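The same chain A turns up in both complexes below, where it pairs with chain B and then with chain C.
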Partner chain A sequence: MLFSSIVFLFTFLPIILILYYLVPRPMKNVILLFGSLLFYAWGEPVYIFLMIFSILFNYICGLDIARNLGDQAAARRSLIFTVAVNLCILGFFKYEGFVLDSLSAVLPVDISYRAMALPIGISFYTFQILSYIIDVYRGHVKVQTNLLDFALYVTMFPQLIAGPIVQYADVDRQLHVRKESWGKFGEGSMFFIRGLAKKVLLANTIGMVYTEVAALAPGKVSVLSAWIGCISYAFQIYFDFSGYSDMAIGLGKMFGFEFLKNFDYPYISQSITEFWRRWHISLGSWFREYVYIPLGGNRVPVIKHLRNLLIVWFLTGLWHGAAWNFVAWGLYYGLILILEKYFLSRVLERLPAVIRHIYSLVLVLIGWVFFFSPTLGGAVDYIQLMFGVGANGLVDSEGLYLLTTNLLLLILLVIGSTPIVHRAYERVMAGRGKILANCVVYAAMFLLCIAYLVTETYNPFLYFRF
Partner chain B sequence: MGQSDGGNRRKLQRMKAAAIVFLATTGLICLVNLVSQDKEFSEKENRVLEQKPKLTLGAVESGRFMKQYESYKSDQFAGRDFWVSLKTRVDLIAGKRKANGVFKGSDNYLLEDISVMNEEQVKKNTDAIRAFAEEYPELPVYMMLVPNAANVLQDKLPPFAVTEDQDAQFAKIQKDLGDSVHWIDVSKAMKKHKNEEIYYHTDHHWTTLGASYAYETLVKNMKLDPSKVPAFKPYAVANDFNGTLSSTSGYEAGYEESIYIYAPKKDKDAVEVVVNYVDEQKKTATLYDRSKLKGKDKYGMFLGGNYSMLDIRTTADTTARLLLFKDSYANAVIPFLTPYYREIIVIDPRYYYGDITEVMQNHKITDILFLYNGNTFVEDNSISGVLQNGETE
Partner chain C sequence: MKKQKFDILNLLKYAMVLVFIAYIVFLNIREGGNSTPVKTIRKAIMAVTKEDGMTKGTTQDLKKYYGLNADDYDGVMLYIPDDVMSVNEILVVKLKDKSQAESVEAAAAKRLSTQKESFEGYGAKQTKLINSAVLENKGYYVILTISKDADQIYEAFQKSI
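After this line comes the complex of A and B, so read on.
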């Protein structure tokens, strides 16, 4: 189920909220768990069994690791076994086709396989489970003996299918001690409506512009169209994904949870290093915590540090999708980050902020080309178009049409990608007598979203692929 | 300190109020939806609405139940029309000029985007038409492809809007059909009259005026003799037509236009007709189904809409018998053709599953005409099947 759907907004959520607030405290987690399983099964009726297996398996393994903590070797064996099984499941469902295709390309034999549907959210919940298992092993968190609480951690519907990737240590306490309140519910409502508006009003709308450009025949793309396409995609993925994170955070608050923020205006970054501190923060933290630092981080000789960075960024790319262009996308960022760390940052420091900003945005936009192109070759072709190679001139009628009919939207998105709107809004609303004004703004946003949702059949969610 | 306390208190009150806004809005909408009755059919969208699906284990397991339930919920959402018009209004303010494949052009014109050609399917169809023509070398086979409004009325499109090149599509189709099929170019005539009301503003069809220019072109190309045929005069039969482009896009929901029929000035000059709806086993003595004028699909007034096979017999003093393969564009042309044929067999391949060879023999066909609008033809996947009598290779 998607948050941005009529069934979620006007059937699922109201029922869960009513039940949640009606039942006594000990039953609240049961309601949430039950709701989360239903939420998952709605889109993936069969994979719910895989999910339940994962929960039971990791619950038992967690107990086993904790029991063996006195015996380093045994605990380690148990950890390795658990992590391996989780990665095998992820690998089987997500990477089987990719690995076999790649092997077929290299080996003289053709390997056939039956392509399977990717279980929704498997990349997200596998990483959540791993954070728990590894932290139990490291003694950072206490083992969860309550199966229900553990199951809730894995399945919690607000962040189940698209993150943020919540580390177990961050919600451990909240699973049994948390406080719901009117104020928090209201804050959650505002987060949720904001996120919904980002997704439905902005991301979906600009997404259609990208789709239009992507559908143009090869000879009919001008430089202008190519950039509009790429910029549209950049806005689509940001407002889509960060909107979804906002909705997740908002829903969490409605049920008394506090999740960490996942996006922090990434497009205002003045370097790629900064971009990755602001983009999909929960994924970056996860890789730092469970891959980069265990490998030695930067407290190792330069050559090893380079190796560590490349491993992390290879995996980051691969996490986003089982295809070589995602790997290329990850390594592309790995290389830029290495360059920035050892050399570029000193150059950048001396440049004016505008140049630093343009530098970052251009690199990020080129990065998205790897992301949205179906193949590596397609990505290279598209990048060439952006710089005039094989393009239908600098500007053509199609490009002008796209620009003029979406100019207002694009300006809105540019401003919306900066903290300006939020800051100005908060300043205005901080004054007296603004309660009603605030209500009107949020009600209007909510109603508009509903109008868009009822109208649009176009409602794909980008992050389902992961 | 006191000020910041006040600020925090105000913020808390603001958040509490927001909670009420969210809950009240959600609650109210849920309530309205609970009370409102499910509808079977949407007049505005002109389609059957999804009904509440049955809960069965199989349907749940395959996920079919969930999908149906979701479309059921959004189809039956209370105040659907209101929400749709709200959205399109906001889109217009934001500068958008296209919704669901429909351009919002100037002078209240809505123009359906030109469809992308399905090359493989079109090839199959042109091959089949050519083979069919070669099978009956003694009979003339004509093809008329009608350009769509977005092609003819390009100057009505929003600024800079670009569509597929329909002229190029037609040129390619004409080339593929070769010499055995007589190509009738109606684009020139339509473009010549583009300043007249030849297309509906809110519907994807042409007006009867547009169809009359096509008729003139047919007369010239099919060597029909108009001397014995009385002159036609337009009569408005509806003034409140708001077509399907308006429904699909949500634009121009209040725009109403007229539908005309062309008939001889004197009733006694008109040829008499009997229309036999073959598969429906129904006969009427008129080319017009006026009951359609009460509903949304007013263009359906022409011959009652699209049927698999019509057998129209007339009192025309001739032995010519026409076999017409067509889409809905032809429905507005057929009334012009009745004085020229003793019998017109009208086949809509999208719905037809019969045997064409039999039709050819039983009805002593003398002329064959294919009449389609470009957008339907380049996406059609039924012509080749019908011409090959349902054989699939």
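After this line comes the complex of A and C, so read on.
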């Protein structure tokens, strides 16, 4: 089920909210769990069993690790077993085809296989489960003895399908003790509507521009069109994914939860290091906490530090998709971050802010080409087009048409991806009557989204495929 | 070497692994795979039916009749009616991603209902064929077939994937 679907907005969410607020405290988690399982089963009736089996398996393993904490070797064995089983499941569903296709490409035999459909959200909930298992082993959190609470942590529908990746330590207490209030509910509704507007009004609209460029026949793409396509995709993925995260955070607040923010205006960054502090923050934190630091982080000799960074970025790329272009995308960032860490940061510091900003944006845009291209070869071809190799001239009529018809939208998106709008809005709304004004503005925004949704075709979130 | 404790938790742990394996085997049988190219499916289907009343559709036809872009999918097989009084049609779409299934099924269902509206009331034979059409999503594939051989076509499709 999509957050931006009529059935979710006018049937599922109202029913779950009414039930949640009607039932007594001990039943609230039951309602949320029931709603979450229904939410997942709506689109994935078969894979709901995979999720239930994962919950049971990891619940048992968590108990096993916890009781063995006195015996370090036994606890470690149990941890390795649990992590290995979880990674095998993720690997089977997500990477089987990629591994076998890659082997077929290098071996003289063609390996045939029956690839399974990717269970939606498997990358997200597997990482959440691993955060719990590892933290129990480390003694950072207490083992969850209540199966219902553990199941709720794994399945919670606001962030189940596309994050943010909530670490167990961040919600452990909230699973038992959380406070709902009208103020928090209102704040959550605002977050949700803001996210919905980002997705429906901005991401979907600019997505059409990218689709138009992607559909151009090879040889008919000018340098201008190629850049417009890439910029459009950059805005689409930002407003799509950050919109989803806002909706997730908002829904969490409506049910009394507090999730950490996942985006912090990444396109205003002045270096790639800064960009990754602002983009998909929960994934970055996960890799730092559970891969980078255990490998030694930066408190090791330079060679090991380089190895650690490359491992983390190789895995970050692979997490996003089972294809070489995603691996290349991850390593591309790994290399840039290494360069920034050891050489470029000193140069960047001396440059004017505007140059640092352009530097970051150009590198991020090139990065998105790896992300949206279906193959690594396709990505290389597209990057060549952006720099004139094989392009249909610098500027052509198609490119000019795309630019002139979408200029206003692009300007709006540039402004929208900076904190300017939010700050200005807060300043204007600072006086008396703030609540009423907020109600009017957000109600109007919601109605506009609904008007778009009723006429729109199915348009899932980009991050659903991860 | 220290002897491994074998109690209820360990037993459940390993039992769950067996459950995972059984589940994956079940899914493999039930869901089918996605490694069969559309070319192979086309061959299997055309072995059980004839092109009578149909003509091979182009990517423009796919856009025109279904509103779908061929580039968005891993492969498409399309046969459309060859004259205004024919309803014979076959569409097989190999999805890139399972999340595309809903939109492709919706497009095929819309096409089916348009055809039904067009022929209802005056084309009894055609309406009968449309009413017995097969529209299914199987793993990474969506199939729509309107034909007197619809059942055989679907069977051939199932066997080929």
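Just so we're on the same page, the second predicted complex is superposed on the first by the 464 of 466 C-alpha atoms of A that agree within 3 Å, B and C clash if a C-alpha of one lies under 4 Å from a C-alpha of the other, contacts with A are read in each partner's own complex, and residues count from 1 in each chain.
The criterion applied here is as follows: contacts are C-beta pairs under 8 Å (C-beta built on N, C-alpha and C of every residue); 3 or more make two chains touch, one makes a residue touch a chain.
These numbers come from a predicted model, not from an experiment.
Engineer: Put chain B and chain C onto chain A via the superposition and say whether they clash or fit.
Structural biologist: clash
Engineer: Does the superposition put A:P108 against chain B (first), chain C (second), both, or neither?
Structural biologist: neither
Engineer: With the two structures laid over each other on chain A, which partner does A:D64 touch: chain B (first), chain C (second), both, or neither?
Structural biologist: Touch status of A:D64: second partner only.
Engineer: Check the residue A:K434 against both partner chains and state whether it touches chain B (first), chain C (second), both, or neither.
Structural biologist: First partner only.
Engineer: Thinking of the overlay built on chain A, is A:P301 touched by chain B (first), by chain C (second), by both, or by neither?
Structural biologist: Neither: A:P301 stays clear of chain B and chain C.
Engineer: Which partner does A:V46 reach: the first (chain B), the second (chain C), both, or neither?
Structural biologist: It touches chain B and chain C both.
Engineer: When both complexes are superposed, which of chain B and chain C contacts more residues belonging to chain A?
Structural biologist: B
Engineer: Give one of first, second, both or neither to describe whether A:P24 is in contact with chain B, with chain C, with both, or with none.
Structural biologist: Neither: A:P24 stays clear of chain B and chain C.
Engineer: From the options 8-16, 80-88, 98-106 or 152-160, pick the one stretch of chain C whose C-alpha atoms clash with chain B.
Structural biologist: Clashes with chain B appear only in stretch 80-88.
Engineer: Indicate the residue numbers of chain A shared between its chain B interface and its chain C interface, in ascending order.
Structural biologist: In chain A, positions 43, 46 sit in both the chain B and chain C interfaces.
Engineer: Within the complex, which stretch of chain C touches chain A?
Structural biologist: Those residues of chain C that touch chain A are 2, 5, 9-10, 12-13, 16-17, 19-20, 23-24, 27-28, 30-35, 67, 69, 71, 97-99, 102-103, 106, 139-140.
Engineer: What does chain A use to touch chain B in their complex?
Structural biologist: Of all residues in chain A, those touching chain B are 1, 5-7, 9-11, 13-14, 42-46, 182-190, 192-193, 205, 397-398, 400-401, 404-409, 429-430, 432, 434-436, 438-439, 442-443, 446-448, 450-456.
Engineer: Spell out the residues on chain A that touch chain C in their complex, using ranges where they run on.
Structural biologist: Touch list, chain A to chain C: 43, 46, 49-50, 53, 56-57, 60-61, 63-64, 67, 73-74, 81, 85, 89, 92, 97, 112-118, 120, 211, 214-215, 457-458, 460, 464-465.
Engineer: Show which residues of chain B lie in contact with chain A when the two form their complex.
Structural biologist: Per the stated touch rule, the residues are 7, 10-23, 25-27, 29-30, 33, 60-63, 66, 69-70, 73-74, 77, 80, 83-84, 86-88, 90-91, 94-98, 158-162, 250.
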